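Letters A, B, C and D mark the chains in the order given here, with residues in each chain numbered from 1 onward.
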Amino acid sequence: MISVGVVGGTGYTGAELLRLLVSHPQVKLQKITSRASAGKQVADEYPHLRQLIDMTFCEPDSTELGQCDVVFFATPNCTAMQMAPQLLNAGARVIDLAADFRLQNIEQWQQFYDCEHTCPEFLPEAVYGLPEINREKIRDARLIANPGCYPTAVSLGFLPLLKAGIVVPGSLIADAKSGISGAGRQTKPANLFSEVAENFRAYAVGTHRHRPEIEQTLRYISGVVEKLVFVPHVVPMVRGIHATLYAQLTDTEVDLQRLYVDTFADELFVDVLPPGSHPETASVRGSNTCRIAVHKSDDGSTAIILVVEDNLVKGAAGQAIQNMNIMFGLDETLGLMQAALWP
Amino acid sequence: MISVGVVGGTGYTGAELLRLLVSHPQVKLQKITSRASAGKQVADEYPHLRQLIDMTFCEPDSTELGQCDVVFFATPNCTAMQMAPQLLNAGARVIDLAADFRLQNIEQWQQFYDCEHTCPEFLPEAVYGLPEINREKIRDARLIANPGCYPTAVSLGFLPLLKAGIVVPGSLIADAKSGISGAGRQTKPANLFSEVAENFRAYAVGTHRHRPEIEQTLRYISGVVEKLVFVPHVVPMVRGIHATLYAQLTDTEVDLQRLYVDTFADELFVDVLPPGSHPETASVRGSNTCRIAVHKSDDGSTAIILVVEDNLVKGAAGQAIQNMNIMFGLDETLGLMQAALWP
Amino acid sequence: MISVGVVGGTGYTGAELLRLLVSHPQVKLQKITSRASAGKQVADEYPHLRQLIDMTFCEPDSTELGQCDVVFFATPNCTAMQMAPQLLNAGARVIDLAADFRLQNIEQWQQFYDCEHTCPEFLPEAVYGLPEINREKIRDARLIANPGCYPTAVSLGFLPLLKAGIVVPGSLIADAKSGISGAGRQTKPANLFSEVAENFRAYAVGTHRHRPEIEQTLRYISGVVEKLVFVPHVVPMVRGIHATLYAQLTDTEVDLQRLYVDTFADELFVDVLPPGSHPETASVRGSNTCRIAVHKSDDGSTAIILVVEDNLVKGAAGQAIQNMNIMFGLDETLGLMQAALWP
Amino acid sequence: MISVGVVGGTGYTGAELLRLLVSHPQVKLQKITSRASAGKQVADEYPHLRQLIDMTFCEPDSTELGQCDVVFFATPNCTAMQMAPQLLNAGARVIDLAADFRLQNIEQWQQFYDCEHTCPEFLPEAVYGLPEINREKIRDARLIANPGCYPTAVSLGFLPLLKAGIVVPGSLIADAKSGISGAGRQTKPANLFSEVAENFRAYAVGTHRHRPEIEQTLRYISGVVEKLVFVPHVVPMVRGIHATLYAQLTDTEVDLQRLYVDTFADELFVDVLPPGSHPETASVRGSNTCRIAVHKSDDGSTAIILVVEDNLVKGAAGQAIQNMNIMFGLDETLGLMQAALWP
């Protein structure tokens, strides 16, 4: 059994981690911390976990957490970096679901996150936890930067095109749509039911923090400088990301369907749909699967890739557990094969 | 392993059965039938089951189905009764998720369901599959009438009051609210997104088919003739039932909280919340748990009981599997302990 | 033209007032105040009012507001009472959409609103602004206590029964359901989209502030002490209240349909539906109409009354304008005859 | 007063026409037809129109309709073309909200709509009713092809770029998102609440009928052959379209904000937001306004245009009335200046 600590268990990502961890056959939940709710029963904060978790939230104590085999940080940005060094030094592994170790360029990180990094010396060993591109490195990692929700969907969607080297430089566009749970439990008017329901809007055009993260991954895959036009939108739903990706192709004759099927043939959490399909976010609600459909414009010049995932699962907590499974030599799918909740 | 047949696998209840059965460790799915989709891959109809079920829908054939250990009917009313006799005679057990075997009074059944019953001779052995009142009978049953969604919530909510005999006769009111999945996959304007979203309405006041079913159960529990005022409503959500129950008490001093906690002390799928609570349907979304909170009016004269369940799980497919577990001597909770999906 | 001031224009009720006032043919908007947004263009806060209102929010200044013909308070509780005396003394009329002048019993008010009343001497002249029971008093009033959203629906629904004197004492139950806009623009987790969507719950059972207000009105109508069992619920929608009302009848033979039709024959904003109807909240979305349907239990002993209104219109801003129309001798329906937005 | 006939009054577009027409000060509703509901009170089908419309649906009779000044067709495709010739010959004007007269290329029309056109001889005089590009022609038209919902948003969004001639040929992408009311009142599973709520998907990639319509308009504006990559999506909401438009610019220095503000300076129903804005569909719910925000990618090479409209108003019924106003020499905004319903 792997002894697990969860830091910051009161947000949506933390709740989702707990939902998945309680049914993971190789996990023993050791510590669930929350400064705000310390001393409170987990089930009092989260009634859906009654009868499943009989623990209280505790203060985050690095000595105690350091004794866990692995500690997940489901905290706001700029939090994990403050404890990670001690935990790593104590022998625990760390999986950060926030952004502290995602960008290797420290200046860019500080600019986008508006925060001084407190342990940049750990960045070189941080592994970007997208198994489909980094599985071997994850196996040996002590410190995982779990990808953002948009970056997971967008990077997986562009991956085959970039590996095949058939994209016109500078032509990548990601028009992404997310359920509001991606904004977390922040209590601002824009996140209220009355202002999200029956409403659709873009936001942060040109300024979203996930753009440099995606561009770093695209570069990592393709080996060349990739820039991205990235437009995120809020959908009046709780869970789910749909990325609609556009790329000009250098080769209009390429069989994209075959390319995608082949690229992901061994990936258990990437499901390429039959030609002509339109994946639905509801088909992955609560599941760790990413579904992809491949289209082309009439003249063959533009690839149109449709990608769906559950932002809280493959886009956060599920992928974190997938990383844990790899790090500890377990079956990568352990605890992650629940069917999506439909309807 | 129990070999299982599912008849009518294309509705919401059928889909939910499949979702739960694929992760049940003692179940082997043998047949999934659908007249309309025969020959089609299950995963083509239900993309959320891709990678989990590799079977095609087949025609319902009573000979083949009769070789299963148990056959679930997730069909419209007046369907199971046409095949059940053959299956039972062939040695299979039958769990009907529709209403064909729910009402013992055949005239009442024919009146409310507007249909001639084709095998009334099987009614005497049909067991009403509400484990909290019928566990022993279910154990030995061949034929289970799985309760309706409203009846499950309302009956469980009134159960302690009726067993304690502290209700003023004729004072029971059930004001019930359901997500629209309770209406099934019927394609009529009233079920369209555009007419359900941002809308709330009562329906079928005085005429809903679940009223006689609930009254039968209340009578079964209390031993006296119970009439019920029952008003169902449609909530603009997919899953979930919230029943708000009112009863005049003969004893205003009774400790209702203790009564409910004691009554359900051994029930793993009934969770009585602490005093002052208000259960949320989201806390049981996708789970087989029924949560109950107990209140009284200021003067103590009226019990106000709040009950939530997922209409597709404890109100349908989950309870059907709970019944199967009991019938086959398995742990009653097997395959049913997934946490609710929140948020 | 009536010169109008709106105090507290940044909440949902304030926004709704502005939406209705801009198209009122006899209104000139003079001042829109907001401490938090003073100096900001109204249309920057509310893009839906661009091109319709070209004004900036100003600080609430009682001298300036006192020069208006009428001032609406769309403020939190315990705010209007601090400025109302000065405005009234300056000759303005005041319509408070909050609760400061709703309860005549000052002790009860202080207990439920947890606040010292600063001008109880104005309570005797405050008129409860429910035109259907107080039209004549409203005509001559300087100070209107605009009813709460639940109290409007519940009081109108019980009105004919109480006037007819056919209710068994102590038998009134109001099971009420509201869209979340009723909670205002409060930024707490319980109001976030992620926690309201696909969720249904009761709240404040036994403790809701609208109960004493409703009881006061029921008493006012019937002349006897009326107690009420009141259970409010949150519906995952923005606008709309549905009250399901139950009352034991002393006379089981009474023709309720006729009673309701006759009682409201001259009321332009109360629409009694044909027998057997189920009103939908969507049918009054954005409109000032309250629709009612009348049912009885099978044995005739229980009246079941279904009432819908838009909580922000007939339950708040629309009714406030209806009161203004009456106070200024205008056609009561002026500016209020827009059709509901459906679907 | 203009005497108006509405053919096909039972769909969502028909209902929206009625909502707007009842409050239009220069309109007299003469006939509302519906084969399916002939003889039924309009208010029985649409309770939100009770007290506002006291008419019954009648059979569509071309003699009677021909006596109207103008007849709106809110019918399925391939319907208006069967009556339009008679009505025009009788002297009525015709505004078709469906697609019968939208495409000038008859072969293309027959291919996309899979239907033989019965009066192609009327196509030459049919005016495409987008006032922002065709106001003068609309003034004198007898027959208006009212634009589709997507084409209105997409065409208005690209208009300034195309008129300025600053777009790289072949680079136009429209990633469009629509509320489900755009699918009309069709009763198929994909439109049910249970399958739309908490779900997001693209559909009809490469095959949507609105693409040739948009391309025709882009060509009309720019004078050159324009092809478009068009990807529509379904948003879990009732009303609203958000089009996110991408175009490569030939001139990266152009001041797009100024270009858009200048282009639409005299348009009362096109509102260009300040720089950096993100328009919300909720800000136009129920209103005839189209709001646009203008962005560029970091390197200035890609224009990113965000457009919102209410698909049932500016995208259908509102624009039809705007066209009527122009045809009859009325103020173009008459009956169309209601504020959006927010929240």
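Definition applied: a residue touches a chain if its C-beta (ideal position, glycine included) is under 8 Å from a C-beta of that chain, and two chains touch if they have at least 3 such contacts.
Model, not experiment: these values are computed from the prediction.
Colleague: Treat touching chains as neighbours and tell me the shortest step distance from subunit A to subunit D.
Modeller: 1
Colleague: Name whichever of C-D and B-D has more C-beta pairs touching across its two chains.
Modeller: Of the two interfaces, B-D and C-D, more C-beta pairs touch across C-D.
Colleague: Just the number, please: Cα centre separation of subunit C and subunit D in whole Å.
Modeller: 36
Colleague: With chain centres taken as the means of their Cα atoms, state the distance from subunit B to subunit C in Å.
Modeller: 39
Colleague: Could you give the separation in Å between the centres of subunit B and subunit D, each centre being the mean of its C-alpha atoms?
Modeller: Between these chains, centre-to-centre, one finds 45 Å.
Colleague: Which residue numbers or ranges of subunit B touch two or more of the other chains?
Modeller: Correct list: 12, 181, 194-195, 197-198, 236-239, 279-280, 282, 285, 343.
Colleague: Under the definition above, what is the set of subunit D residues touching subunit C in their complex?
Modeller: 12, 15, 18-19, 22-23, 46-52, 181, 197-198, 238-239, 268, 271, 273, 279-280, 282-287, 289, 291, 337-343
Colleague: Which part of subunit C faces subunit B closely enough to touch in the complex?
Modeller: Spelled out, the residues of subunit C in touch with subunit B are 170, 173, 175, 177, 179, 194-195, 197-203, 205-206, 227, 229, 231, 233, 235-240, 242, 244, 246, 278-282, 285, 295-299, 301-302, 304, 306, 308, 343.
Colleague: In their shared complex, at which residues does subunit A touch subunit C?
Modeller: Against subunit C, the touching part of subunit A is residues 12, 180-181, 185, 187-189, 191-198, 236-238.
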